[in-house]
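Below: one structure in structure tokens.
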Amino acid sequence: MGHRVAVFGASGYAGGELVRLIDGHPDLELVYLGGHTAAGSTLGEVQPHLGGGDRPLGPLEPERAAGCDLAFLALPHGASSGPALALLDGGVKVVDLGSDFRLTDPAVYAEAYGSPHPHPDQLGAWAYGLPELFGAAVAGTDRVAAPGCYPTSAILALAPLLAEGLVGGDGIHVDSLSGTSGAGRSLKADLLFGAVDESVAAYGVVSHRHRPEIEQGLTSHAGAAATVVFTPHLVPMQRGLLSTCYAASTPGLTEAAAQECLREAYANAPFVDVVDVPPHTRWVVGSNRCLLHVRLDGRTGTVIVISAIDNLMKGAAGQAVQCANLMLGLDEAAGLPVAGWMP
Amino acid sequence: MGHRVAVFGASGYAGGELVRLIDGHPDLELVYLGGHTAAGSTLGEVQPHLGGGDRPLGPLEPERAAGCDLAFLALPHGASSGPALALLDGGVKVVDLGSDFRLTDPAVYAEAYGSPHPHPDQLGAWAYGLPELFGAAVAGTDRVAAPGCYPTSAILALAPLLAEGLVGGDGIHVDSLSGTSGAGRSLKADLLFGAVDESVAAYGVVSHRHRPEIEQGLTSHAGAAATVVFTPHLVPMQRGLLSTCYAASTPGLTEAAAQECLREAYANAPFVDVVDVPPHTRWVVGSNRCLLHVRLDGRTGTVIVISAIDNLMKGAAGQAVQCANLMLGLDEAAGLPVAGWMP
Amino acid sequence: MGHRVAVFGASGYAGGELVRLIDGHPDLELVYLGGHTAAGSTLGEVQPHLGGGDRPLGPLEPERAAGCDLAFLALPHGASSGPALALLDGGVKVVDLGSDFRLTDPAVYAEAYGSPHPHPDQLGAWAYGLPELFGAAVAGTDRVAAPGCYPTSAILALAPLLAEGLVGGDGIHVDSLSGTSGAGRSLKADLLFGAVDESVAAYGVVSHRHRPEIEQGLTSHAGAAATVVFTPHLVPMQRGLLSTCYAASTPGLTEAAAQECLREAYANAPFVDVVDVPPHTRWVVGSNRCLLHVRLDGRTGTVIVISAIDNLMKGAAGQAVQCANLMLGLDEAAGLPVAGWMP
Amino acid sequence: MGHRVAVFGASGYAGGELVRLIDGHPDLELVYLGGHTAAGSTLGEVQPHLGGGDRPLGPLEPERAAGCDLAFLALPHGASSGPALALLDGGVKVVDLGSDFRLTDPAVYAEAYGSPHPHPDQLGAWAYGLPELFGAAVAGTDRVAAPGCYPTSAILALAPLLAEGLVGGDGIHVDSLSGTSGAGRSLKADLLFGAVDESVAAYGVVSHRHRPEIEQGLTSHAGAAATVVFTPHLVPMQRGLLSTCYAASTPGLTEAAAQECLREAYANAPFVDVVDVPPHTRWVVGSNRCLLHVRLDGRTGTVIVISAIDNLMKGAAGQAVQCANLMLGLDEAAGLPVAGWMP
């Protein structure tokens, strides 16, 4: 039939979306579901909205995926590296949705995550799974670190402008808003309905772990250093992520030229569109699309790019499937919806 | 390729879901999009979440669907009957998502809708599009009136129990909760975020138009008169409909027997499941499923059936496609998702 | 200054509202704040929206309230009875917002709560704190059990009709919708934003503990037995509670007579109003009011009363202060807002 | 009893809050309620959550407020100037919550609002009603233009830092999130629940009218030019406004010094507090407080101030009452809650 794949971490939000996408994918066959804390449950007990609810969640053991072509890991931070290397040793390609292998510099990793990486030699050996910018690397490897949701939105917004020299790499501001599913499914007082509903707040001010990842992605694509101030905010909605990104324009830049730069950069990208009005996150919920809107504030010489994605789709499971498609020689867009749902 | 279909009323919520489902359907080809007030716009302007946004919305003219196998009508109440009959005259099968042809008794229609029906001879000529109970009629006709969202939930919950004589037809109470998309997309002060958010209210108390439709559906299937008190409520969510239905049990009935009755009735229904815990509407949002939970209150001799659907899927567009599948000789479940999305 | 009062359980939702109301009350002085799990914190750490955030939360020790005129207990079920009796022994009046002393029959208590009451002699010795119906008892005692939120809404809706013989006590249905603050502030997966938002569900079907409390309140006031089927639902909002109540009308009853009965019953009640349209819960959020809307379904002989309250105000803290006002000889309405907030 | 006041524009959200605050104010007496489109209704018809619902909404005629000490105007943009001048001519002090008299430079006004001001001589004659920074001017005048909600949050956050020379006036970014009540109560498709719920979007990018008001307020207080890039976003909640403000730090600035600057500036301000964690808007909903959180990003030399208010309280009605208190010689904080409500 199709390529045989496994999902480890099927009980979280991203894991649930992976199962939904793979179940509907024309070329993938889901042959193993591994749980983390939910091992021993059925899929229906933890994901009652999915079909095939009687499928069991097995243990988090890489050997269960023996014979698979590819495994997706949707595990908490720090839990991926052991299983990932075991899977690769067994000849199974890996797409890791976690943050274990995204950063390439061990020192940056240690500062961002508070401890040295257990396998520093692996850093830099993984492709960064943003197909629109690093597609060739993704297609040619057996190990992909899928980007974080905030970095996906910000790097897609700014990298082509930086690469073309239309904006400077200093003084970049990224102000982001995320639905709560971005914070995962764990039981925290901050994620109770009574705390989240009808309220917004910033978090991770100055120190969020996605800041170095954004800088690395911009620098890596553009070949020019980028320094970013990044402030994420939690907003009372389930899904959707909006980044409002500011960068200093090069003298003489016009708004039209900035827009044209992004249109050209993504002319062949099936999931990135430049739009003429500020996008609402609802327009991409359920879709693998990223919508970009570009403006120039001539008074201050500031390019503003607003970027909207579904944090669980283009920001997690959808992008992971997009990477898997490339790694398996399939059509990049196979099994991935352009249409979202509304309302 | 597939069967050629048209959608009239593509700019509303149900119309948008029809387009999304047909675009993803393996055996249907969407060849005409008709707008109502939005004719002249592009699809992307009114449904920015869908793919193929440059498709135009044409006028509400039945002849535009000439050569189609089937047309879906998702129009405001009263707007369907003219186009529907013209389409049928042209040999195009019709699934009407509106309420024009659901009731079979002209007197009941006139009381519920406040004016006589313009084509009383058509009443009774249309199949009632609830495939689980009236599937043969649906499969054998060229004209189907798709049920209202509330009647779908209530009739699926109670009809088999009534037909088997396990509950009485008198004293039925149906207490329903609906997300706001059930009220459509029109510009009303009652539907502003400031009015809906963080509030619930009943509406249509005693007099809601879906009450006679529920009674008719129950009576028609069960062959026994049913009298219903129906109270719908609007709750602050986009999608989802929950009906809590109460009926007097026949003496000697056990909870297990009531559950077994519904399990048997829907044993071959791909979209109706009896579940062991009270269903959350979120478990069916995006899905064409209906989840039923059955309890018996022995103290008072009351059977309680709780029924959850997505009002835009099983309650509107999904059910309409399910009917079209039968009318066109396709697999009843073709193109219809079992899995929903969560969160 | 005013009467000295204490609050035990100041870190929950009802406790926070008690502090807010007492801080703004012209005749009460809050002299002790006792925490439960939060003892040792400051008020500002657990209730950052309140003024005087540097006030400490002390331990749950009754002797800390020595010298107080009255203490409010807003503690988890089962935690009130010990401190309550110690406070009473010390001469401190008690309003218990918990469920420990509401039921009067030890057998009913044991069935509802799953274990025998530790002080069965106390059952029946406490006034039931619904001032509109049992005001004299409240004013004349030192111990009040404030009603549950669901019983408050349902008993106010139906008791006068039952007492006047306008409806029967058999076959009463109460279908209720509550915001999530009614479930308290504890850390449960069911209360995460990702689980609650955009979803509704029933819970406690057939077996909810408030069912016998509703029956007791109706029976006690009306002097006629009442049997109730009660189904509560959780809806995605913070506050607000709506009960749709159904009872069989006595032959010959008119809608006007039913409405008049409730208007007369509450003619002198500052917080209960009969309104002409179905009330939205938002109209009473922040207010101590209860809005009642009365309809008669003549076809089936069913009286429908829809009752809206703020579950934390009239359903908890507001009603507790209303009781305290009576117990302390103050104006019943002192310090209690009629106006709510919107949006 | 107290000072006699009138409210013109009592049917909107800010107008409703004015009525609620004045009804509970110890020194103000509300003697006239003027409607705009709602003239002829009762208060209860348009504000069903308020007490005294049988009070009529009279016409928008300034002479109805003859004999009042002060009138509040909560009218759509452009509707204030006529009534305001007539009231002043009649000896009635005015607090205008609209934007007619906020800007002082006719050219800036014309550019921001798209047409010349009808009374350019009045520009500059009105005090800017931000009491923490311009309290003396407010106390000494009979005409106050209450600030916009976004400017209130941003100016309070940055003005003291700019005045002390701790940050530069160039390259200021203000990224703001507002609940939908900030957009008013009018009937727009963008404000339907189906459009707002579960979605975020930016609007007014580059061109929002509050941008020049922020620049004017900063410049006016600090005596140093400020240039601002301002991007507001609409988030799915009723109330609450969060501004994340970025400014370039002066070399050598420490985070502690920045925090201390704001603490000192507001040491005597009853409603502005500097807090140690990023504030949630819910902590100030219902309160007249503004919470500020200050951080320094040493890598890039950026001061980040996060500012949270309730857009209808400190951002509108609460601040207007605070101004009125000063204008009438009352305690600045009279009748204004510090405590909000939660959840």
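By letter and in written order, the chains are A, B, C and D; residue numbering begins at 1 in each of them.
Convention: contacts are C-beta pairs under 8 Å (C-beta built on N, C-alpha and C of every residue); 3 or more make two chains touch, one makes a residue touch a chain.
This is a predicted model, so every value here is computed, not measured.
Chemist: Same residues or different residues where chain A meets chain D? The copies count as same if more than half of the interface numbers are shared.
Modeler: Counting which numbers both chains contribute, over half are shared, so the two copies meet through the same residues.
Chemist: Can you give the whole-Å distance between the Cα centres of chain C and chain D?
Modeler: 37
Chemist: At what distance in angstrom does the C-alpha mean of chain D lie from that of chain A?
Modeler: Between these chains, centre-to-centre, one finds 38 Å.
Chemist: Using mean C-alpha positions as chain centres, tell me how far chain A is from chain C in Å, no decimals.
Modeler: So the centre of chain A lies 47 Å away from the centre of chain C.
Chemist: Give me the residue numbers in chain D that touch at least two other chains, ranges are fine.
Modeler: 13, 180-181, 194-195, 197-198, 236-239, 280, 282, 285, 343
Chemist: Line, ring, star, complete or other: which one describes how these chains touch?
Modeler: It is complete, because no pair of chains fails to touch.
Chemist: Chain A touches which residues of chain D in the complex?
Modeler: 170-171, 173, 175, 177, 179, 194-195, 197-203, 205-206, 227, 229, 231, 233, 235-240, 242, 244, 246, 278-282, 285, 293, 295-297, 299-300, 302, 304, 306, 308, 343
Chemist: Given the complex with chain B, which residues does chain D contribute to the contact?
Modeler: 13, 180-181, 185, 187-189, 191-198, 236-238
Chemist: In the complex, go through chain D and note every residue touching chain C.
Modeler: Within the complex, chain D contacts chain C at residues 13, 16-17, 20, 23-24, 47-51, 180-181, 198, 238-239, 280, 282-287, 337-343.
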